[in-house]
Amino acid sequence: MSDRGYTADEMMTVAASRALQNGQVCFVGIGQPSAAANLARQTHAPDVVLIYESGTLETRPDVLPLSIGDGELAETALTNVSVPEMFRYWLQGGRIDVGFLGAAQVDRFGNINTTVIGGTYLKPKTRLPGAGGAPEIATSARETFILLRQSPRAFVEKLDFITSLGHGNGGNSRAEAGARTLGPTRLISDLCQMAPDPETRELIVTTIHPGVTRDQITAATGWDIRFADSVTETPVPEPTELAVLREIHARTARAHAGQA
Amino acid sequence: MSDRGYTADEMMTVAASRALQNGQVCFVGIGQPSAAANLARQTHAPDVVLIYESGTLETRPDVLPLSIGDGELAETALTNVSVPEMFRYWLQGGRIDVGFLGAAQVDRFGNINTTVIGGTYLKPKTRLPGAGGAPEIATSARETFILLRQSPRAFVEKLDFITSLGHGNGGNSRAEAGARTLGPTRLISDLCQMAPDPETRELIVTTIHPGVTRDQITAATGWDIRFADSVTETPVPEPTELAVLREIHARTARAHAGQA
Amino acid sequence: MPRAVITSLEEAVAENVRDGDSLSLEGFTHLIPYAAGHEIIRQGRKDLTLIRMTPDIIFDQMIGMGCARKLVFSWGGNPGVGSLHRMRDAIERDWPLPLEIEEHSHGAMANAYEAGAAGLPCAVFRGYIGNDLPKVNDRIRSVECPFTGEKLAAIPAMRPDVAVIHTQKADRRGNVLLEGIIGVQKEAVLAASRSIVTVEEIVDDLGGGPNAVILPSWTISAIAAVPDGAFPSYAHGYYPRDNSFYKAWDPIARDRETFRAWMDSHVMQRKAGEGVQ
Amino acid sequence: MPRAVITSLEEAVAENVRDGDSLSLEGFTHLIPYAAGHEIIRQGRKDLTLIRMTPDIIFDQMIGMGCARKLVFSWGGNPGVGSLHRMRDAIERDWPLPLEIEEHSHGAMANAYEAGAAGLPCAVFRGYIGNDLPKVNDRIRSVECPFTGEKLAAIPAMRPDVAVIHTQKADRRGNVLLEGIIGVQKEAVLAASRSIVTVEEIVDDLGGGPNAVILPSWTISAIAAVPDGAFPSYAHGYYPRDNSFYKAWDPIARDRETFRAWMDSHVMQRKAGEGVQ
């Protein structure tokens, strides 16, 4: 924890939480997206609808899942559907407002790699877990938010593999590839938030987290990062947000420890 | 009732019932197919599996349904699935051994019309109910049994409309049209049973119900009907079969009268 | 996504059903939305494209009352009884209006609803092999499997302007439970731009199991409590199908005058949800 | 259709799983058929094409023990923990054997199972837009919608030789109930030529509601009662997921020797269904 009273990860989770609006239907992944979405549900957006790709519709977990199909998700869900139905009726069917995406690598247009790093595809230096639901979340959710801690290894000039489409080569290339949705409208890191330039679709910095410098952001980005004309400071986490988030994490740690 | 102690319809239902083997999975329609299938289940084929297109899997109705989705079918079913699932996973998925088909008209190759008679398609003399599940039952069930009372108006030289494929123009034409299943292997009328000739696939008479003459069959058929080399007499209904069938009909009449 | 509005049947129809709409009323024998259909007739909607796998008495009534311009269907009869006389009169003799038809098989319509719910432009399935339906319906086409070369049938996904269904229960947040024979109702609602669900009752707790068939509130436009709203079809757990009504309908519908008189006294002069008994 | 044989886990595997088979073990976090996977390892099956949307520890173990020639998957990791070290060792360094991979997205695999259950040659969906997966997987192709001209993704239907799943209950006739997170297990069984279902218990009455997720006996080859058969994953209503096991697996699997020693004492020297705890 910094001397500001919150960690960079907490700032990142709180910023992501605030980006969700009450009533939106959100396709959630495990890890930070799950923390952010449940923080939103327990603070400003009580009616946000959380959906996990395991088939749990409108779930209200008390503790964060370690995996995408934890029992807690099923037990607190309005109902559970099969995985084919989830991908056909709910994601492809256009019922998701916001999809959260993580990544191993992201490029300046919000394209994502979670497949391989280094070497060749068949003999990679590092074999990552792969696509999961991301390729279709990236093109079927109305918009996506990318959550990723910023570093030159993660924010790269050129991806080793495109697992999920962002804004392609920029400009109109996403739509030309056949995608009918907005794509990444927001990237939230531990240093700042970015949004696509309306014309070039390149991700540019729009808000900087308190205490972070432009130089830090530039050093943590593998491409020549640009800043919006009117960059603002990300509002600091409210005490309530921090209290609720920490309580979620504490409950989660107790619950998972209890399953030893 | 004839002086034989059973009606022609009873003979027809009993013959259809006997054609079902224990353990077969049978896609049933309302009316006589339902009576035949449930008679089989309550006599020689206790493990025959009955499926109705409304989505009821492995149903054991006590009374016959008036419609394809009567409550009795759902309440006695192992489980109920949606209609899309029924047509995709269960019928198209190749899980049906025998499909029963009725018809307004049938031709010598077992093709069926349940769409229009006379006039044109757009301005028909008689508008029939239409296809229902029949076109896909006809091509997805491993084999089909056609049940139809025999008359020159029903057994016609040329159909006014082909609603469901039988053996096409005969010979190999069914397979050439893209069907991968056996098609009609049996036609059961109130006068006789027919089966396709192994080469021409034309329906020919294989057994004649007791008391029926060849002339009666010829007169009741709109094409030049052929008889197999070794035509036999259809075995008469057993007393048990008649007792069970009549009890089914009596229960059904009582149940439907009670819903006035 | 906005949640369902819980309102009256009159308002639900007035807000969501417009002249010229394509309108799906589904229910496979079970849970047919009769009360909603009657309210649409009473509100005098015209020029509708009516969509239903099994048009039965409710569509016979809507067609006979002049609501429909076109019918999309796969089996049009009075189950176990006979013909739909008003439907036939419209097709065969243009009364009260000419009726355009788009005719399919059950398998095709079930797949088309599924594709509509799945957000696809078309349904792909193994069907329509060797029959005449593709000759009279130019919305039946084909695609080739890029792996096996097999020719598969394709029809456009069903995407009605409005879907109307009836179910057992909604909760106070507007989530809806269906059970028993569930037909294609879930798909019809998910495929439609707007939707009306009438229910037997609105309850505190739906009480479904972990995998119950549930439509979340945010997939529905309007919900109205209409007890007996599926009569003379049935609602599993509430009341049985009135088979005698289906049989009695046949002579009523055979004659134009008898039909109009019956509709006048049993539908037009009654209020929303009052029933026809 | 023949009904399921209720038998032992050893016999179920011996009768239904053959060297060279394509073999789907499904379970989306929930109800992963660990005990059956261990029995397949013990019986020394080789040259398998392993199919699973989310290969996790059970596939890490099967790959590390040399059962697999090929892996078909869409997300291969230890959820919330990190990499599958045995899977990576096989892909990156051919140990113990080279491992061919066929890689998809979840959406694609879910659709491919659905198409397999539906008896279709291929799945058609909106997917794989603008990414590199089609460049490395020639089983990702496309078809054109004959109505809108939209290019849709197509992949071959999943049709494994054998599907293996674990569920809560079977009844004495061999009908099987699943509840909670149901994943793609029903589709996997319906898509496969043969199937093995292990269950927590065999009961007189499944007790599901009218629309419970049930696989009828005649869709299954063999059923074996294996209590705790999904451990360390979970069985809704029976036992929770052992998250600590998933975390503890990471250091075990990092090293080839540690891994082999663990497998020897926890799997190879135990009997079918005895568990690894």
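To keep things simple, chains are lettered A, B, C and D as they appear, and every chain counts its residues starting from 1.
What we mean here is this: a contact is a pair of C-beta atoms (placed from the backbone, for glycine too) under 8 Å apart; a residue touches a chain by one contact, two chains touch by 3 or more.
Please read these numbers as outputs of a predicted model, since none were measured by experiment.
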Go through A-D and B-D and name the pair with more C-beta contacts between its chains. A-D
With centres defined as the mean C-alpha position, give me the subunit A-subunit D separation in Å. 28
Mean-CA-position distance for subunit C and subunit A (Å): 40
So how far apart, in whole Å, are subunit A and subunit B when each is placed at the average of its C-alpha atoms? 57
Residues of subunit C that touch two or more other chains: which are they? 114, 118-120, 125-126, 150, 180, 182, 187, 208, 210-213, 236
Multi-partner residues of subunit B (at least 2 other chains): 74-75, 80-81, 88, 92, 140
Could you list each pair of chains that touch one another? A-C, A-D, B-C, B-D, C-D
Can you tell me which positions in subunit A touch subunit C when the two form their complex? 23-25, 47, 49, 57-58, 74-75, 77-81, 88-89, 92-95, 97, 140
Touching subunit A in the complex: which residues of subunit C? 1-3, 114, 117-120, 175, 187, 190, 208, 210-214, 216, 218-219
Considering only the defined contacts, which subunit C positions touch subunit B in the complex? 28-30, 53-54, 73-77, 79-81, 83-84, 87-88, 91-92, 103-107, 110-111, 113-114, 125-133, 136, 150-151, 180-184, 186-187, 213, 234, 236, 240-244, 246
Residues of subunit B defined as touching subunit C within the complex: 30-31, 53-56, 65-71, 73-75, 80-84, 86-88, 91-92, 115, 121-127, 129-136, 139-140, 161-165, 168, 174, 177-179, 256-257, 259-260
Under the touch definition given earlier, write down the residues of subunit C that touch subunit D in their complex. 118-122, 124-126, 139, 141-148, 150, 152, 154, 156, 179-180, 182, 208-213, 236
